[in-house]
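The following pair of complexes shares a single chain, chain A, combined with chain B in the former and chain C in the latter.
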Partner chain A sequence: MSRIARSISRRLYHPNALEHQAKFPLFPLTYGSDSLQYKVLNNTLKNHVPEHGFNERAIVASLNELELGSSVLSALGSDNSPSFLNVAPSVLELVKFHLVTKRYAITQELDSELANSDTATYNAPALKTLFQRRLELNKPVAPHLSQLLSILSIPGEFLVKSALPELHRLSDDMVYYSNETDSPDFAWYSKRVAISSAFVSSELFMAQDKSPDYGQTFEFAAEKLDRVTRLGQYYTNTEEYLWYTLLMSINLAKSQLTRC
Partner chain B sequence: MAFTELLKNSGKLTSSLKVSLSKPLIGYRCVRALHSTSNLGVQEENLETTHFGSRTVPKSEKEKLVGTVFSSVASKYDVMNDVMSMGVHRLWKDHFINKLDAGKRPNSKEPLHFIDVAGGSGDIAFGLLDHAEHKFHDKESDMHIVDINADMLKEGEKRAMNQGKYFNDPRVKFLVQNGETLDEIESNSKDVYTVSFGIRNFTNIQAGLNTAYRVLKPGGIFYCLEFSKVNNPIVDTVYQQWSKVLPVMGSLVANDYDSYQYLVESIQKFPEPETFKGMIEKAGFQSAGYEPLTFGVCAIHWGIKT
Partner chain C sequence: MSPKPFNAVISRPFSAVRSLRKAAKTASSGSQGSPNSPKYKPLSRAQLAYLDRAIRVDQAGELGANYIYAGQYFVLANKYPHLKPVLQHMWDQEIHHHNTFNELQLQRRVRPSLFTPLWKLGAFAMGSGTALISPEAAMACTEAVETVIGAHYNDQLRCLNNQYEMESTEGQKGQSREILNLTSTIKQFRDEELEHLDTAVEHDSHKAVPYVMLTEGIKLVCRSAVWTAERI
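Then we have the complex of A and B:
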């Protein structure tokens, strides 16, 4: 009997690692970097989005360059449904591709650094560095950022299934790969939400930024992050104070009780 | 549910349902007797037998049986679809077409070559061409409408004639073909392969998928609308009750109980979405996926040939 219990508990607590192996290296994209979709979307994003923006014209221009037919557009968009205001599924995939590949780009080098170096001596970059690195990657598409953000914020399936989870993964990655201390309580959530909102507001700022090389955007982002950090400190201090007060009150009550 | 759609894809048949059923039943009993010694045998796919609804029949007979079913429902096809799905099948088809979003874009060079398999009634085929025309001003892409059942194809032609569009049009060809082989369709010749409520009636579904892979060009897409499994237990209870009513409605509206009974049973026999996705991948397609519609009453499946 105990043997069965032990084997069940082993099964529950030590599941087979292979069962959870991600099928696609660029999750949540359903294709790898050697696929047709990757080739087309990568070429679109690099060579045609800066000119045409996030729309079908950019993808068609890329398909013409690669000498592929219109059917590839259907193939690209197969994972998405058309959203409100008639954004084509293939364009949604382009947007998703942009978000996912840029997110992987900021951590790719860090991953190999982390693997090669000794954990004791490894110096993780600051959160601010990663944050700025991600904004740097937006520079080529900056003139089309307002278009991108409007596609991302249309209420609907895409917002719930792709845009918001991707934003959360971005802030989660930034915390994980930076030297930021992470806490296993409710602050885990509030920290990610704060960073996400800081990132979105920086992107909104960048969309209208006319300063040379987007200098003002980076100033804005730094200030925004500072505020998030300060807010975090306020939060920690308040929490500590409340906890202290609670314990104090209990002790006070206890001491009063022993007296009578 | 567009239950009548289940009935598509079949051999030529001229006889009425009752007459043609009498013969295969004899064969079916023998097969059933053989199976009872070994296994349940209903889902078992060996060389000799397959399922026709809840019955096990010799594989050679299924094509003919499905043919009988579709020939007998062909004329009432549209009315029954609307009655049985309460009109929802129009939404599914509309979503299917919008999601596929196919058509030659104004700046593209090559027109598209569509093939709609088991598409006798033509609603998906005409819908796709209309979408391409209205959205992308594409008047060049061509379409093969393929069905194994000549009666169903005639329904499609009749519809084309009535709407005054796509009849005697060089872009649209109606062909009687078996979806499992597509003998007259060249390999690597099609951009978009669609099959809606048809693949369920193939005797060998895997062979149909392999053929889809064969006829598609690299970069082409396989797109399938089919009944699926309802995953919500409450909705499923309602759905199961509804399924029981369907044959009765079939006998009232179309005077044909047996055909609609087959529809319901063939839906229950169709593989789970995950299994079907595995079959699509097995045929060689990449990035296969599916989207359940209306709690999984039906689902859109896709795969890409690269």
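Then we have the complex of A and C:
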């Protein structure tokens, strides 16, 4: 149990990037963007997943296109143990690749935006923008989203070691790179959990959305996120009011005591 | 009393964008082969894990200290006016420490301790509880807490000095500025905490009535809180 809790909450210190090299630029993927795995999985995700979905057929089609032998299939994702419902380790790697690269994509865009814009006037994007940007990136694979979500939610090692930590990293990144104020106390956790759950429910909505260009999904996501922020405000206001009332009543008692 | 340190929503005083901007700048200058930007080789997992827990426990500790002084101030400030400036001075320093570690925690993306609400409540109860016994007991509480904190900071400094000698990409050895800054921050804070210890002794902490029981009990509580805050 504690092992599970540890791997979900694993979020290590980030040393600054100016002075320190990163061990893996695409952590938790252990390969860089110039590796064979990256090339194969990237090609699969771009060209074959929209057609075949998240399965071995897509990877094999990609291998054929790249003129690689199908034995590469067994080399992909060798660090994943097979899932209960017989999802191949290579497919799990493909899913992980999808989650990780798209998480990095939303902040990479931020980076290039930054390089092109006037640095003095640059404002960090709103949380909502990053949230929608991540959903935009789901559009090409949207028809296979329910399949993806079912792979992600099968209880087992993959859920604990990859799916949940990746969801948490996503919401952490969204808070960190947006102009959202962050809090150093317990609200740190509640904020991330709220954003994660908003994201998962938006993805679930998107999986069944038939509206043109997924318009309804984006409406749903905006409303969901709005509700989360409003809930946070309610909580803060209540807390502030209670604290004020407490101090007030203490001071009132004190003043009454000094009178008599 | 001022409720300021309690509900103050910390608006992020650093900007992720600014650090990105700097990173982008050095990345472009690095490709031109600028000699004054050597990078250090990646920190190992153990080194990162230690920094992670160090920041977390220091933040929780300073939060505790902040609330202990708040509790003492709340009880003692009006009853014993001669203690008011002393407590105010120490409390202000703790608020500064707490804010510094809050900033570091957000900037370095370390998760805060999961028991933060419990630390707040416990620390305030400890501060006001000992102050209710007597001002000497409050000072004995300060003495015990600062002893534990001082020793703990010393342990961290030892580890930071020993274990973070890193090699840069150009083969030089040394510590990155980030680690050096953290070390000097901790050093300064340790000195200030030990100053509080002296202040507490000067204000008759040894005259507290169940002196040994109070100090040893509080030391035990603090050590177990440190142990927990490092991990959870």
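Everything that follows uses one rule, which is that the second predicted complex is superposed on the first by the 208 of 260 C-alpha atoms of A that agree within 3 Å, B and C clash if a C-alpha of one lies under 4 Å from a C-alpha of the other, contacts with A are read in each partner's own complex, and residues count from 1 in each chain.
The working rule: a residue touches a chain if its C-beta (ideal position, glycine included) is under 8 Å from a C-beta of that chain, and two chains touch if they have at least 3 such contacts.
Source: prediction; values computed, not measured.
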{"item": "Partner chain(s) touched by A:Ser35 [first = chain B, second = chain C, both, neither]", "value": "first"}
{"item": "Broader residue contact with chain A after superposition on the shared chain, chain B or chain C", "value": "C"}
{"item": "First (chain B), second (chain C), both or neither touched by A:Gln108", "value": "neither"}
{"item": "Partner chain in contact with A:Ser90 - chain B first, chain C second, else both or neither", "value": "first"}
{"item": "Partner chain in contact with A:Thr245 - chain B first, chain C second, else both or neither", "value": "neither"}
{"item": "Contacts of A:Ser201 with chain B and chain C, given as first, second, both or neither", "value": "neither"}
{"item": "Touched partner set for A:Thr181, first chain B, second chain C, both or neither", "value": "second"}
{"item": "Contacts of A:Ser211 with chain B and chain C, given as first, second, both or neither", "value": "neither"}
{"item": "Contact residues common to both interfaces of chain A (with chain B and with chain C)", "value": "none"}
{"item": "In the complex with chain A, residue positions of chain B that touch it", "value": "95, 98-105, 107-110, 112, 191-192, 217-221, 223, 286-287, 289, 291, 302, 304, 306"}
{"item": "Residue ranges of chain C touching chain A (in the complex, touch as defined)", "value": "1, 3, 6-7, 9-12, 15-17, 19-24, 26, 37, 39-43, 45, 48-49, 51-52, 55, 59, 63, 102, 105-106, 108-112, 114, 116-117, 120, 169, 176-178"}
{"item": "Residue numbers on chain A that touch chain B, as the complex places them", "value": "30-31, 35-37, 56-57, 60-61, 63-64, 68-75, 77-82, 88-90"}
{"item": "Chain A to chain C touching residues, read off their complex", "value": "9, 11-23, 110-111, 114-115, 119, 122-124, 172, 176-177, 181-186, 188-189, 236, 239-240, 243-244, 247"}
